[in-house]
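There are structures below to look over.
Next, two complexes with chain A in common: one pairs it with chain B, the other with chain C.
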Partner chain A sequence: MTDRTKKLVATVGIVVLTVLVAIPAIAGQDQKTSWGDPDLRGRWDFRSSTPFQRPERFKDKEFLTAEEVAEYESERAQTREDRIAGVNRDEYTESQNDVDGGYNAFFIDSGVKMSGTMRTSLIVDPPDGQLPAFTDSGIQRARARYATWGQAPATPADRPTAVRCITGFNSGPPITPGAYNNMMEVFQTEDYVAIYTEMVNDHRIIPLDNSEHLPEDMRLWKGDSRGRWDGDTLVVVTKNFNEHTAHQMTSKDMVLTEKFSRTEGGLLYEYTVDDPSSHVAPWSTALEMVATEDLVYEYACHEGNLAMMLMLRGARLQEEAGGGQGTDAQEDQWLASWYRDAAAAVREDK
Partner chain B sequence: MISKMWQRMVALAVAVATVPLLAAGASAQPGDSTYRAPRTPDGNPDLNGIWQAIGSAHWDIEDHAARMGAAVELGAIGAIPAGLGVVEGGEIPYHPEALATRNDNLDNWLELDPAVKCYMPGIPRATYMPFPFQIVQTPSAIMFGYEYTSSTRAVRMDRPGTEADLASWMGYGLGRWEGETLVVDVTSQMPDTWFDSSGNFHSEELVVEERYTPIGPNALFYEVTIEDPQVFTRPWKMSMPLYRRLEEDARLLEFKCIPFAEEAMFGEWYNRR
Partner chain C sequence: MSIPKTIISFLWAAVCLVTVTAGAVYAHHAFAAEFDAQLPIAVQGEVTRVDWINPHAWIYVMDENEDGTTQEWMLEAGTPNTLLRRGVTKTILTVGTEVQVRGYQSKDKICEPVCRGSGRDITFPDGTSLFMGSSGTGAPRDGTDPTEPGR
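Presenting the complex of A and B:
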């Protein structure tokens, strides 16, 4: 490369960088409330096909090009089409996935688009895109939970909280893209930011008044959130979770820090999980939510939860027939297909 | 200490200020109120805050003497407190066959009351459940977050004339301002909710008009008109004040009641070994 070319490349680089830096600033002018805070109000779609952890195929690759994103999305779309059309049906018919993942195409709404971050995983830290290793107590907790969920439930308390409709599997905190109901609406005043999530029709009302968190003995299913503005970013710290908190097997001592920042047409959502009793290091994710005019619908989970009655009745019938809880032959039979790989990874004989 | 005493004095002052309202009962006319609420940045009356009804309408919206509760073990603390009705004119205008259904509901309320199962209470019952709710107000939509089972609804201010795509437990709420009053028309509610724990019910034809009028810095007057030709012979009305929670550290907490309802709902299929 000649000196002239190098100079040209450097100049173009600086111009591009300047434009990149300037865009959020320009966009930001229209993104303020009348009282001057960044405006997070509106409805946000957090569907994303970006994998939570970086898959093997993207090893050593943090970002994708536009072409690679398009290719990945078209694969996802094809998989979805194949499933609807029943291609390779024999491979999953009568499998666990056919039992617990047997929703029809109308119900599954996880989207095919990758996050606008163009990253190869939602996890951005550690930089390899993988969850840090469990601590010993993290492994113990994971084993105990998978063991409980793998057995016929004696009572609803033996099923995950999302199955009981107490919390949603994607509505958090933290908010994580899931199979359906990836919608939230933000309401905002000078004193509060409120997040209304479609999943289990729940809300989180976050005070911005610099008040202290609740006393440590006040434990809540969704934890206790406090927010503050750091420049154009809303920073929300949530703690005081209860012992049922199970996001990636974290404990009640998880301290969650979420950041919400407007981007052009989107909302950058980043969170950091700090729970020394679960993972050997804190870890962080990033996702760009997309503004939408779609409405948030009411997901009346508990009101329609016939499955709980059916699971308990099924468990009792299974026991009457000599199977079910406490019998070796039935180990893990009740574990949902989407937990199986993670459960296998922490098994004692591993 | 000073702050606690001050809080009590404020609470007392509010109580005194609202005595005339309580005395006037359901016939109080908020239209007489000349109070002008503070404004939000967009110029509308500011209803932001944590609010709660006081009374026993959630047990029974009609006049009722104190009565025995359902759980013997709870003794006196499980008993149902007395209350003057919140129904204007005192009587709910049921069709005769609907009245028979109501009486049947009352006889079997433990089995049938959706609140026993921790179901979302619908509108208007959510307003006067014995739990606070919080209003978070924006120009285009107003969020109502209820502590009871964390139920939530967004009242849309920017979609007049639209209809719900499907029925829901908390209904489809379209709001508008009439002077100091937030008026919300609620349609498309599920037929499964009740008005109280005494079997007062409705059908899927229910149309509710809610009116929230600030009558002082710390109180709203709540009026609600119920229309449901399948169940009632004419529209009828309830009203009551809603009070601001004045504690310095007032917060909407969680009353996630599913774990408290599970045994009542599914206990017969538990393995109790």
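Presenting the complex of A and C:
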């Protein structure tokens, strides 16, 4: 065997070994890696119908019984079945709500099942399941963001980062259940954990070496994540977000602490948002992800984002028609309908 | 092209229930930023092309007008990832398939080289939905079916 052949064989061997170590076939098969750390590797489905904040119907109720979970999921399933079955399919509301929700139900993949935590909301702290109040600066920031998103965009920068395909609306950090692409894959070595989410092909490579965070002046779209093991729980602290970070209207100074720990067949994902300039108190959520054999598909969002072109052309057409004077009904339709209640809550006259 | 006139809110109520109970299911973008609620469309004809691209698939349909002329439309659909998970592939939604699509025209109203719109509902002329069916035949994989893989 020549030296060149030996090097080739050695290289191939290292690559194969690395792949075998880093990627198990199915999430949840083993609880420990060969090197003794908790094994988080594999693909995880984070769809959930558990409400983000506790709804009125579950007031003063932190957990549901198995029967109550089944009833809730049945309601959700029926609602979707009705829509898929074409209840009033022939009718149109001709309103922004109808246009915004204009996906065929077939395309919505947010799931029916509640989180395995059996909680009445993803928010677990404060105990009432509600987001803490905004601070004054939080209100100002939210008001400014909604104002920008609520008007015809001069450039792509005037649209939310998810619309620009820079960040995913559910890929985080932190990771939150959304309308579709609720898939995460974890890769793991002794020194790093890599989190890959299907939404916008996002990935984070998280060092586990107790290294310092980046200097304060280095700001990243997804922040700077550093991890460590706390017993059987992976703790990831992310800082250094930029000014466009907008998870529940947080600021660039948000400190996000995520915890990943194995459950029986699942992965408990908890996170705490600490951002004193946005909310009057830190708040936390909990969600149990489910091991899945589903594949993670490519989602190259920016690649064919014709929507941005149509939005900008529509905005220019509106300007040519004399828009911007508060006379065009279309002017009031730039803010997504799902932001309207939140935007109304921070209006100046509130 | 015919334009439905009846205005009701039941469908939107159903959408709201789905979204609100999930605690706000955000999508990639709000279609109202791209399409005009005052311009509902109903397109019927053969599929001429399908762009299986991210973030949204686009289905091209040659609409047959009442005066015998034709107008091609490209209609924005959902993410191709979800389509793939549902089992809808290039071999199912093929060129030549007859469909009816209802949605809304783009705000720019430009029809060169083709008109653009949202594909809110996609059905066959006999009234059956392109995407209807039970688990395993293209229906949503929602976790309620114990035979689903990976759940």
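In this text, the second predicted complex is superposed on the first by the 305 of 350 C-alpha atoms of A that agree within 3 Å, B and C clash if a C-alpha of one lies under 4 Å from a C-alpha of the other, contacts with A are read in each partner's own complex, and residues count from 1 in each chain.
In this section, a residue touches a chain if its C-beta (ideal position, glycine included) is under 8 Å from a C-beta of that chain, and two chains touch if they have at least 3 such contacts.
Predicted model only: the values in this text are computed from it and were never measured.
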item: Touching partner for A:Arg313 - first (chain B), second (chain C), both, neither; value: both
item: Touching partner for A:Arg41 - first (chain B), second (chain C), both, neither; value: first
item: Partner chain(s) touched by A:Tyr297 [first = chain B, second = chain C, both, neither]; value: both
item: Chain B versus chain C as contact partner of A:Thr65, first or second or both or neither; value: neither
item: Partner chain in contact with A:Ser137 - chain B first, chain C second, else both or neither; value: neither
item: Touched partner set for A:Cys165, first chain B, second chain C, both or neither; value: both
item: Chain B versus chain C, judged by how many residues of chain A each one touches; value: C
item: Touching partner for A:Asp202 - first (chain B), second (chain C), both, neither; value: first
item: Where chain A meets both chain C and chain B, residue numbers; value: 165, 297-298, 300, 303, 313, 315-316
item: Complex interface listing, chain C residues touching chain A; value: 4, 6-12, 14-38, 40, 51, 53-56, 58, 76-79, 81-86, 102-104, 106-110, 116, 118-123, 129-132, 138-144, 149-151
item: Contacting residues of chain B [partner chain A, same complex]; value: 40-42, 48, 118-120, 134, 136-138, 140-143, 145, 149-154, 165-166, 168-170, 190, 192, 249, 251-254, 256, 258-259, 262-263, 265-266, 269-273
item: Touch list for chain A against partner chain B, complex; value: 33-35, 41, 152, 154-157, 164-166, 185, 187-192, 194, 196, 200-203, 205, 207, 211, 214, 220-222, 295-298, 300, 302-303, 308-309, 312-313, 315-316, 319, 325
item: Chain A - residues contacting chain C, complex; value: 43, 45, 47-53, 55, 73, 75-77, 79-80, 82-113, 121-122, 159, 162-163, 165, 169-170, 177-181, 198, 290-294, 297-301, 303-307, 310-311, 313-318, 329-330, 333-338
